[in-house]
Structure formats: C-alpha cells, structure tokens
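Structure below; questions to follow.
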C-alpha cells in the first residue's frame, strides 16, 4: 500500500493524473502544499476521479495557509501529526 | 515507535518543501518517533548554507535545522550536489584557497552512500 | 517613463514567485515606473482573502496587496476565465481588481513596454 | 539488503532531475542495494537515443544508461502508456527495458522497501 | 505583437494552454527547452491548436540536445541567431 | 542594432535557463547588438556565486559569466534575493563577521532599482 504525496496545483501540472494512474484501490493520496487548491476544482475532470476513490486526504495547515476552508466530506482533513501516522499506515511513500 | 529518514530535494524559500519537512519532523518527534537523519540533495542543499540571511520577518531555515540537530537529528548534505551550487565544506574551501566556508558543522558533507545508510529505517519520506 | 507589466501565474506559498514578484512591483512603483499587475492561471490564488501562511512558516505578504495604491500601482488586472475555472468570484479577492477576458487582457498587456512573468 | 525504487518523471536537460537520479542509482548499485529504475510520464524521454546536450552546454549523461548493468542494475521499467502517449516505441530507446502497464508497474513498485522520485 | 517563449513540456505542465489562450493572431510562439517535446504530441489536443496557427517556431539546438529530429513543416526551426532576430521582430517577449 | 537587457530568474544547473541566457547573449553580441546588463533574481542568484565547483566535465557557469563581463556585459544580482539564499557580498559578510565572501566583483550586489535602470533598453528578455 502506497501513500502518494501530491504537492503541485492540479490546475497547473499534470502530476495529479500521473499519481492517479498509478494508484491501486488500497493506496492513499494526500493533497499538500499547492495541491490543496484541488478543492477549487469541482468542475474539473480530475475532481470526479478523486470523488470516486477511497483514501483521499488533505493537509489542514496547507489549506489554512492559502485561505481555503470548505472541504467536501469525501476528503479527510489531517494535521501534521495525522500525516505522520498515515505514512506508517501505508507501506511506502511516494512524493510527486 | 518508528524511525524515519527524510530526503529533502526542494530548494528552501523557492519551494515550500523544506518548511513541510521541518513541520513533519517536529510532528514525528512529538509523537515519540525517531529520525535517523535528514539528507539534503538537489536544490535542497541551500538548507546546509550557514550564510542564509533572510529579512528579519522571514524564517531562518538554517537555524531551524540547527535546532533539530540539538534535538538529536543528524544532518547530511550531498557534498557533490552542494559544491556544484557553491556550498563548500572545509576541504573544498581549502582546495580553492578560500578563507571561509559556508558549509559547517553540525551539517555533514557526505556522499550519496550516506543516504544508503539512512535507508535502514522504517520509512523514507521525501520533501 | 518606462512601463512594465508583471504577470503572476503561480499560486502563493508553494513557491516564492508571488512574494518576489510583489517585491519587484513595489520597487518599480516607487521608481515612478508605470506598473501593471496581471493575475492569470493559478496566479489568481495570490489574491484570495484570509490567507494565513504563518501556519506553514511562510511570510504573509498577501496583506501588502491592499497597500499597492500607496505605491501608485492602480492597474490590477485579473483573468476572468482563470478565476471562474477555479470556482472563484470577485468577492473572494482581497482587493478591487479589473476583470478582463483573455483577449482584452492581451490588449492591455501590449500597452506595456516590457513584460516579466513570475 | 535494502531495496530502493527510483522514479524518473521529468524530461532531461530542462532540469537536473535525470542526472542526479542517475548519480543516486549508480551509488545505490555500487553499495549493493537492490535498485529499480522506473521511467514514467516525461521521464521516458531520458532514454531517447542520440541525445546531444553538448549543443546546449549540458552534460551528456544519457550514455551512462548503457552501463547500468555493470552496476548490477538490471531492473529498468518503462510505463508503456507514457511511451505511447509521447509517440514513442521501444525502438526509440537507447537501452533494453521492461515495458509495463501502469497497473503492472505499480505492482513492481510495491516490491521495493523505499521509493524516491525525481 | 508579443513573442511567447514556452519552456515547459506540454505533457507535464499547462503553460501551453495559458500561452495559447493569451495569443492574438499576430503573436508568435517559440518552443524552447523542454517545450520542444511538443513535437511528440501529434495525438494531443494542443497539437491541433499549434497546427492551426501562424508564427510557431522551435529552437533547433534544444531539439538536437534531446535527440529530436523530425519537425512538421508548419513549425519553423530557428537557431539562437534567428531567436535574437525574432525578439526584435516582435514588440515584447513573454517567458512561460 | 539594438540593446537588450537580460533578466535571469531560474537556478543554474537545476534548470536550463542560465544556459539559454548565455547562448542568447553570445548570439546577440555576435550579431552586433549590445547588452545593457544581466540581472540575476530569484533562484538565478546562484549564478553570482564565485564558489560554484562543478565536476570537471560540467560547465562552470560562473566562469562563463565572467567571460561575458570581460566582453563588456555588466552583471548584477539582487542583493536581497541573494542574501536570503546565502550569497553574501562584502558588506553582508562583514556584518556577519565572516572571513570570506562568495559574491565578488565584477558581479555587483544591486537593488531591484538597478533592474528598473536596465528597462531602458529595446528589449527585456527573461530566462
């Protein structure tokens, strides 16, 4: 089980498509740094892909830094402490 | 409790990566985990520079790394990647007849082999 | 007098582009240059309200946008397509801006002698 | 013995990712680690034949891929979807590789203890 | 008239879409650095957009460096000397 | 014949930008144009470091810039952006009680105002 860390804005880079293409059903994805702007992508094709999956997380501190507060319920908000725990719940970590 | 190795490959200030690494490590230590080492590679080598002088209202990242070292976290930088970008340890500085050096203890100028040693941990997390 | 257009095309905090573009804008303004600040693509996120980058150990330079008029910078142009694509409206922004279509924005861009992008 | 998977996901020469990923792979190999080199997305361009980066004042490290076996690195995996999307086939590559679907590639990736990406 | 310099691979970044969105009929686009990989995008939606335009250039040195040799006729190959001339043919230069 | 100002904002080695700028400037000079100045900003400030020490088979970018200066091209670096990233001129080095400095003439530690002066040219090209 791999935990994918996505750092880039899905509005600017195609890393989101690449990480989703490599994800198994039991893998996880943490939206961090500029990737938290994914929250603003309700009309984007990749948003639907996120919606159809289990194991989508978002880093609370990075949301707050950028003035984002609304988060749909299918994305689980985590702080750094929970982020650490997540890296141990999964077997490996891949950074995008 | 687990042991973590941290690989930092993104430039301080130019990217959020070093900040994220710092916050992750602090959270890991608070939760009782241990850090077997931090390794700076690629443009992250600027983290190793003792000469970083940001304006007073900005984070002095190098000082934050030194504080983590005080808390027992070993700090390594890839000597080749650092030299390429102008960060020189005592040996390289001497070879170039320089009177000073911007790569100082406790940050260690290491080879990539040191990163291999760090792989001997429960998790490797890259920032 | 010289004139310079500064394009912001990156989101804040993940990189240093926004902060160093703003530094440049302030200096250009105080040197009496005619400055145009353009926000396109992810650059529109620079202007979001209620940013708190202190939580991630970064400087909160977004407060400075409100002070641009004191530096005689009054041309703040936002790409309306970029804003809409990101689920945002004018109300979400911290300063008053001019919303333009890409075509109209390009026309304005061409009125400046030099263009830099961040 | 430890094992490490190295993902190459950037094109060569525009950035230093490829060169420094390869440096790391060679050291890992000579330290007796089990190394897997993965090429996905624009990373597949790393393996193109007939690169001449000397024309843009960059080092031609692509020649080194042919020497990987001397470092006991025999696992070179390329994402077949990425290759096809970029109008390329196995014949365009400078070394023999294992072509895998994204699903099969992920399965192989999970056999390594640690994963880094460049 | 603006000359746009595109540096990033259109397979990884969305800069190509942004520069095309801002281009007038008389503006130009130079593919340089990793943007020369655009040559491999025959099946990509942005390739058709390039095809429908005048004033698409590509930097020969950057192609050669990356092992690319085939260039369709609608893209004009230029060397650094012609690149310099181009920046004077157009009124402004924007770097992406 | 025209005058060009060159703004470099991308990191040497980590990006091709500095190489492209170098080749553009050489081609412009060969065609008889003049360069009113090169200004290093953001992560391009590493170009100003006199301490760059790449392996022998790689380009020593700093030396290439010095050669251009010999050919009459003024070189400027944003002092604030440089200090943030550990590139210090004589004044900053003295303020920190350092015995050496990695930012030396002929590269000039300038303010962003110097870039405004450079705008007084036919074209500004950013790399």
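To keep things simple, chains are lettered A, B, C, D, E and F as they appear, and every chain counts its residues starting from 1.
The rule is simple: contacts are C-beta pairs under 8 Å (C-beta built on N, C-alpha and C of every residue); 3 or more make two chains touch, one makes a residue touch a chain.
Model, not experiment: these values are computed from the prediction.
Visitor: Within the chain touch network, how many edges lie on the shortest path between chain B and chain D?
Guide: So the least number of steps between the two chains is 1.
Visitor: Using the contact definition given at the top, which chains are in touch with both chain A and chain D?
Guide: Per touch definition, common to chain A and chain D: B, E.
Visitor: Among the chains, which is located farthest from chain A on the basis of C-alpha centroids?
Guide: The chain farthest from chain A, judged by C-alpha centres, is F.
Visitor: Which chain has its C-alpha centroid farthest away from the centroid of chain B?
Guide: The most distant chain relative to chain B turns out to be E.
Visitor: Counting shared numbers against all numbers at the contact of chain A and chain E, is it over half, same, or under half, different?
Guide: The interface of chain A with chain E is built from mostly shared positions.
Visitor: Where the centres are mean C-alpha positions, what is the separation of chain A from chain E, in Å?
Guide: 33
Visitor: Averaging over Cα atoms per chain, report the distance between chain B and chain F in Å.
Guide: 26
Visitor: Going through chain E residue by residue, note those that touch at least 2 other chains and give them in order.
Guide: 7, 11-12, 14, 33-34, 61, 92-93, 95
Visitor: Would you please write down the residue numbers of chain F that are in contact with two or more other chains?
Guide: Residues 13-14, 16, 20, 23, 42, 58, 80, 123-124, 126 of chain F touch two or more partner chains.
Visitor: Two or more other chains touching the same residue: where does that happen in chain D?
Guide: In chain D, residues 13-16, 41, 56, 58, 113-117 touch at least two other chains, as defined above.
Visitor: Can you give me every chain pair that touches, using the contact definition above?
Guide: Pairs of chains that touch one another: A-B, A-C, A-D, A-E, B-C, B-D, B-F, C-E, C-F, D-E, D-F, E-F.
Visitor: Quick check on the complex: what are the chain B residues that touch chain D?
Guide: Counting only chain B, the residues touching chain D are 7, 9, 41-42, 80-81, 111-113, 115-116, 119-120, 123-124, 126.
Visitor: For chain D, which residues are in contact with chain A within the complex?
Guide: Chain D reaches chain A through residues 7, 9, 40-41, 81, 102-103, 105-106, 109-110, 112-117.
Visitor: Going by the contact rule set out above, which residues of chain A touch chain D in the complex?
Guide: 1-2, 14, 18, 21-24, 27, 91-96
Visitor: Give every residue of chain C touching chain B within the complex, in rising order.
Guide: 13-16, 56-59
Visitor: Chain C touches which residues of chain A in the complex?
Guide: Against chain C, the touching part of chain A is residues 7-9, 11-12, 33-34, 37, 40-43, 61-62, 64-69.
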